[in-house]
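Single-structure report; data block below.
As written, the chains take the letters A, B, C, D, E and F, and residue 1 is the first residue of each chain.
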Amino acid sequence: MSESQSHSAAAGENPEGRKPGSQNLVSQRPESQKLEGWNRPARTEPEADGQLLEVSMGPHHPSTHGVFRMDVALDGERVIRLRPVFGYLHRNHEKLGEGQSYLSSMPYTDRLDYFCSLSNNWAYALAVEKLAGQQVPERAEYLRVILAELTRFQNHASSIGFLIQEMGASGTPLMYAFREREKILDLFEELTGARMMCNYMRFGGCRVDASPAWLEKARARVAALPGFVDEFERLLATNEILMARCQGVGILRPELAVNAGVTGPMLRASGVGYDIRKVDGYGIYNRFSFRVPLGEHGDVYDRFMVRLLEMRESVKILEQALKEIPAGPVMDPRLKLRNFRPKPGEAYGRIEAPKGELGFYLISDGGPNPYRYRVRPPSLINLTILEDMCLGHSVADVVLISGSVDIVLGEVDR
Amino acid sequence: MMGQITPLAGYLLVAALVFSIGLAGALTRRNAILVLIGIELMLNAANLNLIAFWRYGPHPELLTGMIFAIFSIAVAAAEAAVGLGLVIQIHRHARTTDLDAINRMKG
Amino acid sequence: MSLIFYLIAALTVAGGLAAVLLKNTVHCALALTVAFAGLALLFLNLDAQFAGFAQILVYIGAVAILVVFAILLTKGSETPQGGVFSRTWLVGLTAAAAVFAVLGWAVIASAPLLPKAATPATAATSAMVVTPAPAVPPAPAVTVEQIGRALAGRYVLPLEIVAVLLTAALIGAVIVAMHEKEEAK
Amino acid sequence: MFGEGILKGLAETARNFFGSFVSAERLTTVEYPEQRIAPFEAARVFPFLVYDGEDWLAGLRCVACQICEKECPPQCIFIEKSKDKKPDFVGKPQSYPMRFEIDISVCMSCQICVEVCPFEAIKMDTAFELSTGDRFGGLLLNLTQLAKPNAYYRQIHPTGAAEVDARMAEEMAKAEAKAKTATDAAAKAAADAAATKAADATPAAGDASQSRPDEESRR
Amino acid sequence: MKTVEQIKAAIEAAVAGAGVEVVPNPSPSGQHSLRIEPGRAVEVARFLRDDAELALDFLSNVTGVDWLDREIEETVTETRTVTRMVDGVEQAVEETVEETRQRIEPGFLEAVYHLYSVAKKHGPVVLRMRTVNRTDQVELPSLTPIWRSAEFQEREVFDLYGIIFTGHPDLRRLLMWPGFKDHPMRRDYVEPDDFEYEPTAHDRVLERALAHQAASEAASTAAGEKASEPAEAAEQQGTEADA
Amino acid sequence: MTATASFARSIIETSDQIFVLLKQWLVSFLPAAWQPAAGVVLCVAAIVGLFPALFALTTVLERKGLGRIQNRIGPNRVGPLGLLQPLADGIKSLTKEDIVPARADWAVHFLAPLVLVVAVFMGFAVVPMGRNLVLVDMDAGLLFYFAMGASTELAIFMAGWSSRNKYSLLGAMRAVAQMISYEVALLLSTVVVVMMAGSLSLTKIVAAQNQYTWGLPHWYIFTPWGLAGFLMYAIATTAETNRSPFDLPEGESELVAGYHTEYSGFKFALFFLGEYLAMFSVSGLGATLFLGGWSAPFSFLTWVPSWIWFFSKLMLSIFVFIWLRGTLPRLRQDQLMNFAWKFVLPMTLLNLLVAGLWRFMGEGWERWVLCTAILVVAYVVMGRMGMRREHFGPRSYRYAE
């Protein structure tokens, strides 16, 4: 079924007197619509005789991270068209958030990007703190930084592992990443009670304090992390096969990256020095000295290397934070969590999550539940330019490129 | 009757049969690739003749028939490659391999 | 005429028949490989070890694969609607039958003239199998070395000519493939 | 660029191959059913109800205030309040749950019920081997299954339990003191006073390793 | 970084008839927003992106908000002339009445855009656009031609709120399946009663489950061939959207 | 003294020839007329029994080895040290439902794994596994081996085509294209050995290498052309057996499982078996051609039974296969083809020249220097050219601020 057909059919309908549910699903899409500057690349449309091989990669294809589908049209092995299809994991997280109290949403944020529950906690807590104008105790800020950077480290490690796994390395780097992640998750479990669904941060601080023993253990584990990065680098960074596979594949120009809202390591791999930790200086990030690695070519290899280098910077932040962490409370005891009713208003809070800019947009109408609860998912928005990056490459590269975006379907579909 | 057939005659008969099958295939099939298959069969039948004559010939030690067959195999491989290349070329051009459909001079 | 010969001959002929008669083109190609294998066995039966293995290597390993590739590239694996045989199939069949009649008559008629050799023994020798002394006169002992010497000596000119031919075919095939690409651009 | 990157990688995997035989740092695998890691003290799996003393029915701390039921994000708690009242540990008459059920197939182990409970009545268990063949009934825990003694809580979360016990002892002392001073005053007034005090008697300390005080009730 | 008022002035100077209005935000976050008229939104957006000083090249977040029709009770004091029998004679009398009236303020759908600048590293600037109502006039101009970032997010808003973004290159449902009707994030959305029996002891839930079961059994026995019609319609819808 | 020596020699002799003697002893119970046929049947049975057993062992070793490489323990539940795991896997695959896709060509679908396994088994016939331990000592043994190897491509095509699955067909096309490309390099890389040994017979090739100078063997790998040939052979066979990093045909991240996507149960197990048998067979051939076959690595170790050397060489190369699999990501299709045609093939051709040069330069150190120099220079030049063609290399990174 060609596209123009369906459009003319849709255009013929009258959108008269619509009430919810009666609306035509495909809106008018003028073929002549010109997108200025940021045009998606012209699709070389299939030849009339159907020489194209249409492959539906997903939702249970071994290389898609979770239930995600790419409808790919191939000419030989070259990608002519690629359409990402979402929603297999759609739980209407935002609707849930509107239906329950501010506190009750916190454990649900864990389940967005289930690799980085602590970053999600922080982003949500930050948004609520902005909305209600709350202050966070010093020690809690340090703990948040420590946990967020540990999260970033393990996320980057396993995302590199998955990327190389997709390249067919029978899981060795992934297993090394998981070995290290295991140690970090142990720390999480010891502090927060859970390995992945931590539910640790609260608006105005953190749920529990870290014991000195925990901090000591964290210091010891952090001290071992650079060794792991070295191991990864020796194993992968100069591997000829990896370089041949990754370099020059899935190039993303910086202008397009910015315009398409790409954030996180993807954006920095394209050479744009934009790290919200530096730009917003949220929390206490401006107290730490760390650098923001930048890629030059914006290809898969740069994304891989930027993640690797960011792991090193994370370790640097962790070392500083663990050294300087002050004593004190982690939560203002006067703050109330239950029956929390912020004044009417709205706030958008964002942090540099491992996958990119994670934002929460909250509108309060003065009630116990947010009137509007919106998650800005970096994974979803980073996929906007998936097709642009994949066109003209082979199927094997599609797998690689989608792996280098680093998505978690819990966050894409919410 | 068969008992009287010498081994050589047996091989020659098989070769003749395979050759005729190949010929029939080449002459009756519509698909160009099937025609090529028929031709391959005919070539192989010829090879069988060569080997059989070498084996039962007066001077097997000279290896003439065998060498001839080996050359023939090599040439046949080249022939197959070029022939199939042409078929693919025709397919790209005319979008069919049906010989009945492309037996006109107009491109 | 041994039983083995009849079996192999039947296999070959059946493979050949299937190759030209079957509807599905890929089945035809697979039947063709059966015919090739049968012929290779006939070569081995004729003590032409080298030729037999070369037949397998070249025909099954290369030509058959080439044929199936061509079939897939031309979308030929689907059975056409308008029948598989050409409009002039009757003519072709008649011609083929006539050819077979002539050839068969010639072979049978010239049977008395043909040299009569003994049934060939199997050439496979084994260090592990203690073979008893052959009862039939030995087949010409053709070693690979002899073939090599013949090729590099007596038949060096044909060898070179074949080499040139193969090179030409290779270049020709490449050019045929490249030409289309340029046209596409 | 001549394969040395590949060789470097091979050396790395070889190091790990041999390292996994000697170094516990590398071989992190635990062979689960035989080998077990002791759960961390903070570990949380599913909630249970704490009771004091021997008789679980009498010693249940839960007063069926239904805060946890309201706050539970996946709504997996169901409470039915009793009509009558029974005295709690400080002697104040309180309601108690007629039914208290948790559907642990729905529960997501978020610990919010523990945080919002003003009575230290619900805590997180560390037992995780709860698989059952009965998907419906087997994962729906009722009051008898949920009630566990304080001794058990002390055993799985020693630090948290010590804090809770100290706080409760303090309250009890306060309540006793109150009751003592009250004997001088009119009996009825004293009883009333004790009741109001006991209602906000929940701990006030800022650091709460297991639980957060209910601020609201104090105001 | 300019204040919202300055930005408003800048937009009004650059785009004639932009109709920008500052929407104050009373919360401590202080993120006031600019409401722009849908008619000139694309021009305004282009100005914001291309202006050298603002350089809002990065559209971070796009979302929809559903504002329901509100019943407003207001006390109106009104003076009017009433014909009344005064002392047996019909007279026109002026009379001041104070009455409480209920007025329905029509709801609207709102699209909110959060803009940042990567070049200048400032932000956010919040843009809002409102539809005329919630039912039939729900078109807003798409800003995807200005920021690619809006492509999926506007699709999502279309999917979940039903705002039709005119000029969007590929406006299909994003998260819900193509055959799905209605927009689940609307505040008056009613979930379909496809409740599955769960063993929770919630009595309400249990009752609902039993009722649903009974209803579905009754429906399945009663309606044999009737059920096929809506299914067909849904299928049609689905194939349409598929393409 | 001499008695002891002769006794020792007879012990050595017996242990070396134990399988031959065993066969002769078993056959001797039969009437003389049946003996040759029975001998062949016995040998075939030995091969058909031995290599699948080795396959079972290798699967568990591979999983354990990969596990250790990845810091895991690997299978250890079934039987002592998990050694019975293959048995459990075998029972599982035998009892699994054999699913044939509805639109599949069932006859071809059924035949494909059989053709593959039979063709691979045939290859073992000519590989000498010890002194006098060869099923058929053919004069054109190497040619026979490659003829059988070429037939496996057809089986793979049959599997991919008959499944009527896009992934299967893509996988089969990839596999066949890859195998044909590397087949050329494979053949040419072995030609140097044929040139030196002057025979296509594998027993003669081993015999040519079974000599010692100063206690060191005359294996072909210890010459410049031999080393280069061995490396090319190793690359080509890795590609030929679809092992990592050339495992594109079944690259699970793209093609699910390639040509055996639609196979299940016993037929899948046959494919699996065929793949591993191919791996053993090329390992055995590689050992025969370049590593001296069954000959001992040092002259003072010649008393160890020859078959032990053969199988230890075979297992060593299996270990390298596993090691590579545990380390390397896979190449892309075009890179694989480029690598075959633009690096491996030219190198093998050059190696032919070098081997010729070696042959005609005669004894002396000059030929060592010259041949090594030619190969190293060619390697460096071609490596650089390849890098430039693919535009890759290490990078350095800058930081913001």
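Everything that follows uses one rule, which is that contacts are C-beta pairs under 8 Å (C-beta built on N, C-alpha and C of every residue); 3 or more make two chains touch, one makes a residue touch a chain.
Note that the coordinates shown come from a computational prediction; the quantities given were computed from them, not determined experimentally.
Trainee: Shared touching chains for chain C and chain E?
Mentor: Under the touch definition, chain C and chain E have no mutual neighbours whatsoever.
Trainee: Just how many steps, at minimum, does a route from chain A to chain D need if it may pass only between touching chains?
Mentor: Minimum number of steps from chain A to chain D: 1.
Trainee: Would you mind naming the chains that touch chain B and likewise touch chain F?
Mentor: Intersection of chain B and chain F contact lists gives C.
Trainee: Please identify the chain with the largest separation between its CA centroid and the CA centroid of chain D.
Mentor: B
Trainee: Report the inter-centroid distance (CA atoms only) between chain B and chain E in whole Å.
Mentor: Chain centroid spacing, chain B to chain E, equals 75 Å.
Trainee: If you average the CA atoms of chain B and of chain C, how far apart do the two points sit, in angstrom?
Mentor: It comes to 7 Å between the two C-alpha centres.
Trainee: When the C-alpha atoms of chain A and chain F are each averaged to a single point, how far apart are the two points in Å?
Mentor: The answer is 44 Å.
Trainee: Quick one: chain C and chain F, Cα centre-to-centre, how many Å?
Mentor: A distance of 29 Å separates the two centres.
Trainee: On chain F, where are the residues touching two or more other chains?
Mentor: Those would be 69-72, 326-328, 393-394.
Trainee: If you look at chain B, which of its residues touch at least two other chains?
Mentor: none
Trainee: Where does chain A touch two or more other chains at once, residue-wise?
Mentor: 172, 176, 179, 235, 237-243
Trainee: Using the touch definition from the top, list the residues of chain A that touch chain D in their complex.
Mentor: It is residues 100-101, 103-108, 110-111, 172, 176, 179, 182-183, 186, 189-194, 197, 199, 207-209, 224, 231, 234-243, 329-331, 333-339 of chain A that touch chain D.
Trainee: Within their complex, state which residues of chain C touch chain B.
Mentor: Spelled out, the residues of chain C in touch with chain B are 1, 5, 9, 12-13, 16-17, 19-20, 25, 28-29, 32, 35-36, 39, 42-43, 46-48, 50-51, 54-55, 58-59, 62-63, 66-67, 69-71, 73-76, 80, 82-89, 91-93, 95-97, 99-100, 103-104, 107-108, 111, 114-117, 119-120, 139-140, 142, 146-147, 150-151, 154-155, 158-159, 162, 165-166, 169-170, 172-173, 176-177, 179-180.
Trainee: State the interface residues of chain F toward chain D in the complex, per the touch definition above.
Mentor: 65, 68-73, 76, 323-324, 326-328, 379-380, 383-384, 387, 393-394
Trainee: In the complex, go through chain B and note every residue touching chain C.
Mentor: These residues of chain B touch chain C: 2-14, 16-31, 33-34, 36-38, 40-41, 44, 47-48, 51-52, 54-58, 60-63, 66-67, 69-71, 73-82, 84-89, 91-92, 97-100.
Trainee: What residues on chain E touch chain A, complex-wise?
Mentor: Residue positions touching the partner: 25-29, 31, 33, 57-61, 63, 65, 112, 114, 118, 121, 124, 126, 134-136, 138, 144-153, 156, 158, 160, 162, 164-178, 181-189, 237, 239-243.
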